[in-house]
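By letter and in written order, the chains are A, B, C, D, E and F; residue numbering begins at 1 in each of them.
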């Protein structure tokens, strides 16, 4: 046997040895987790139903939409059931009771997300309209759907948020991370976002888990709605949970590059936050915060 | 029929009902718009001709380049004709005269964009050279073409801008958004960009529709060349059109994270704008604007 | 022959003419460079071995891991040898001695990178752990691997950095640019990064070639570790090489949007740099640099 | 330009010249004929509906069959309409009246073939049963469907024959030729075949256009049901049309390699034709024709 | 709803109704049978190991064959286990005892077939050699492997026969039918075939289940080794099982188109059967049966 | 390590051992032979040029045929050069002189086969016409091209025969075997076939290497033009080479299942050979050989 082959055999043995030594980061003998590609397929099916003709296979104009939707919903339901079940087996509130309770929960959740589609569609239509009205460069809603990445980002969020609310683990985060990769917009599925939301030049945006956003809010590129420094437990580990991200009331506008931090920070109705500002305390309604004035709204430095 | 099936049938009916109720965001019975995947194919063909051997299928060294180019140009021309026609049918200046005028315009435009390739190639070569000379880490122009995302971004822009100038709708924006997704650089196809343009660490850059950029300009990551707040019509809707984005004269350098806003803002020749600054009024030639001095160049807060 | 055909033949001739005129950006008759798709395949193989079950094809739980690893390592080794050889023929320290020396070097390097896998895996496990502990929203290490883009970014970096240290040209940069495209995190393969590194909301991050980072460092979205303005040679060209990017000591934290520049800038142990700050000179250990205090740490404006 | 290239350009010109010279065998400027791949897709859809789970994508056991069938029927109907229209434009009885009459006929025929599916399925079930009962080696109907090529051949025939009866040109022959390629069984779509037909070791079988086959007929490999020599017109060309192939009455068995020729040749009920025989005149009912006795049934040598 | 849609809905309902009515030929609610595509994958893996470099992916010359074989064997073993289990659940001798017994049997069989590979390879090498020596047109064994369909046919048979001997149902027949489709050679997996077997112009050959073939036998196109008419049970159904096909002793040659029938028919050592003959009784050793003399060897007409 | 794994490791070792033991049937360390898939690609390219629009990708009606042909010819030429070179390195008349002579021969041959295309096309057009005129069921030449397998078989033969005449090894046989697999027609590339050749119901046909066929010959399914028994060398091995297959003069017709054998057997002009006959000696011109009369034309039984 040539010397190279011997070396490669030795290396292979060493690598396999690390699979025991550094466990927890290999899935080989372990549980059967949901996979990114399956979850992306589920997202694709949703997009096909939400915006037929724009995403997914081209639906022939002459085709019977009812057939198309029934078949897609059926497939979608089964795929959701499978991935939800995997996610639940990994960790969910019913995990400790019984396998059956877990699967029943997955099935019920899969049905519930299907039932939510008409409402998600209604929300999405309003978001798209807000995009058309909010950007002077947009010439039609068709252009917005075809060319604006925020459409993919907000559609994904509206789906992922519903699944998040059902307390299905992993799936919503895989979805939001996929939209993040595609658009540069990182919305945690836990964020609560009102009607007619629009992100212009959607990129480099971060919206944290416990953010709350009212209706008619408009956000530009590079905006962060994040957490202040995390409180720690006596043992030095970070305290998990709690409201850590800001609240934006109705009709707030946040210009490019602004950073708004902290769970107790509330931006009041109709306020406008200037570009590149850094805000860590609440702003009253109908206030214009310019770059010069931003210091007033910093409760706590770090 | 099992209960689940009945539920799914009911849900399907409700979804189809929303297709009538929330029209305008489904393309099912509607016009035959260009699709993202067709436009991306067109872009791929362009890249193959502009930078043969780096993008697209590997061109055999021994092959007759003439055959390769003729065949690719032929295909490209036909694809452009198809998608341009679709875009024009949706909305173009000839749309109201006649179907024929529309198709003739699409064909003429497809020929014109093919004719523009030699010049686009010349521009691109200068851009790549600027990239090589502008980054101390770059060791060869080959490395720049293979590893620098700005090459894809600027090549796409130079193509999309030509199509934009011909007043073909939708197509240029689908192209620029595709480059945005791939590189994180969002250049509106309307922007006019001079020779030897270079974006270092190309990511998170936004360049608005009416921006004008001179020769030998260099820009870093996170730079925004954007609009100030949009003037509104009496009915509260945003005024569409008009010069809304800044002008950069020859040899200007803009460091990372700087934001330059407004249609009347002009950065003079040879000026340097420091990182993280926020500029809303004009800067004279040969000026160094540091972070500390940025306040001088803010005409109008918001 | 129709008029359109004649035009296209004429255009094709003009394009081919530019291949001679604007040489250097077409690879047609030229050297046989590594290709992006081959290098991405190599990265995929690495990911399969580093995090089996999470990336790449699903490995059946019942499969013999030794077989899987041996076969993958064998393929990986051969692919590395091929692409390393291509890169070395283009430019490497042995290029001028002889073809054979070049190939021998490529083979040795391919073996060395295979040997490095167990250690890379150990590093990666610590990075993932740091991600889990550093983000209150993370509920398991599985979630971190599946949903956090920084895992892909840091894994790619740890591989690319090893290849960079061997002085193989082009390959490491193609790898890092691929991770950049996928995650928005742009780490130059030259950067030296210590243990337990974590980038939260990994996006819009730039880490330059000569950056040095200690252990237990945590960085947020939009952070730049970059160069100050580049010194020029008497002929006006930029001086290549030299330490141009900052040094971060152990346990440093850099909040979102901060920009730290310059090869002599050192951030001391346990220091915290506030969000949106702009730092160009050194910061002592255990210092909190707030947005208000950032001016102290600006040695040199530009 | 290298000499080889010049040669290839010259050759290309000569080939293109033959496209004018030897017209009629290139379809380039010509009519828009049905394509083999589209017709095969139609066949695949039929097979999926006729034998769900055995052919085509695996239908999940839990899926709602109604959704599956509706969607597949819808797609099938649209594809049939397209290809039937193409075939009709090429040549059909309505071709000379008007484009519209042609399309209307295609649509009606597409609906009729969909309507025929339940009956085709019933026929097919009986054929499969006959296969199971007729072969001592068959252990289950599942084995017959999975392993016996005659199932594909007869299913294709039963579909193609229906389309043939509607006088749609080209399509039925493309279908039967496809089945021929896959199975070695060449049944002209014009052949009329009764219930419970079985071909054992289905290969090398030829069944001509005007053949008539009763119920419960069984045929072995290598059997030909063909035409005698073709009568010629005064100008020497072959007379097209007319009954040229034999008739097989109920419960006839034809052993391997037998050849039965002529439009007036009738094999009577319950007769058995021995292997390798060659029959050109009628055989009375309940007759066993051995190899030795075959001479009696040769009316006309050639 | 348009009239066409209503029609299609009605038709769909009728089709679904036939799934209940004509059960037994749809697999929808039924057992989980092996699929043709999985079994073909298994065959492909076998071919890759039996004739590496000729079938399947190209194995790089420099690759370590041990790694390649180990990985392929591992995959092959797992795939066999899965499909064997499915086949056994459908029907096997352990099916009635318990699920576990069934799975254990599948696993043991999968291991046994892997163990048989070296011997199968040895047999195959002799077959290929026989092909080279038996055909004056063959110029090398490489040509035989690349261009002679009998290689695929006999390799498949040698694998399928081993699985048949283990009494795994369905799988061997799916394999042999696949080879039949690809080559026109239909060898039942039950046939026992000696060393150095060669089929020249392999096409249209049928070899029945209980055929026995000695060493150094050579067969031409169109040969049938079949059954005489099948004895029937009192109820008219065919008697299943029993020796129904002929026995060929060592060094027999059968020329093109010959048909040899019956379980008691034995062709003695070194005998030669002429083309197009039809034999139904035994032939002594060292006999030349010409077309004229064939009548002597017909015991029983039908 | 589990017991199964140990077994599989042991088996793998044994298999690899057979690669040494039974060499000559594995290509692993061996020469770089042409592959079936590459040769099939070459065939596909030929078909695209010979019958554009019927085979291969659909040629857009509006496309410039010259571009299409130039590009395809260029690719075809390069692929032929590669595979011819591989075949020549394996064995050709220049193999023993030098590597260079071998490659030059491959290049010249690749050019010659390209030059032969116009003539092959002319031949093919006549064959297709003969098919249309010879079958009363054929309704158009389009139907013949789309639905008659003989078109693929004869087109392949006309190409393969040209390459055979140039004495390129392996390639012509791989081509003819591919056509055999697809159509059931096995024409050795050495056979010399005149103008206007037609095979009706093309299947189960075997035409040997040294067969000569005149103009206007028509053949039916199951016909064999083969060799008598092969003369042997004193050592028992078969004598390779020599005229072993029959000659058919102009306007001969051979009905289904006829077998004509022997290198000295000549079927005279205008003769008709009846179905299922077996002929081993010459037949004078204008003779009708019926099944009864066949004995006259058997010189030598075996």
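As a convention for this text, a residue touches a chain if its C-beta (ideal position, glycine included) is under 8 Å from a C-beta of that chain, and two chains touch if they have at least 3 such contacts.
On a predicted model such as this, the values are computed, not experimentally measured, just so you know.
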| item | value |
| --- | --- |
| Minimum number of chain-to-chain touching steps separating chain B from chain E | 2 |
| Which of A-B and B-D has more C-beta contact pairs | A-B |
| Chain D against chain A, contact positions shared by both copies (same if over half, else different) | same |
| From chain F, the most remote chain by mean C-alpha position | A |
| Centroid-based (C-alpha) most distant chain relative to chain E | B |
| Centroid distance [mean C-alpha coordinates] between chain F and chain D, Å | 26 |
| Computed distance of Cα centres, chain F from chain B, in Å | 54 |
| Two or more partner chains touched - positions in chain C | 8, 64, 66-67, 70, 73-74, 184, 204, 222, 257, 276 |
| Pairs of chains satisfying the touch condition | A-B, A-C, A-D, A-E, B-C, B-D, B-F, C-E, C-F, D-E, D-F, E-F |
| Complex interface listing, chain C residues touching chain F | 1-2, 5, 8, 64, 66-67 |
| Residues of chain D defined as touching chain F within the complex | 4, 7-9, 11-19, 22, 24-30, 32-36, 90-91, 169-170, 173-174, 176-177, 180-181, 184, 186, 188, 190, 204, 206, 208-209, 222, 224, 226-227, 230, 237-242, 244, 257, 259, 261, 276, 278, 295, 298, 301-302 |
| Complex contacts: residues of chain C adjacent to chain E | 60, 62-64, 66-68, 70-71, 73-75, 78 |
| Touching residues (chain side chain F, partner chain D) in the complex | 49, 51-54, 58-59, 61, 65-66, 69-70, 73-74, 77, 107, 111, 114-115, 117-118, 121-122, 124-125, 128, 133-137, 139-143, 145-149, 182-184, 201, 203-204, 221-222, 255-257, 272, 274-276, 288, 290-292 |
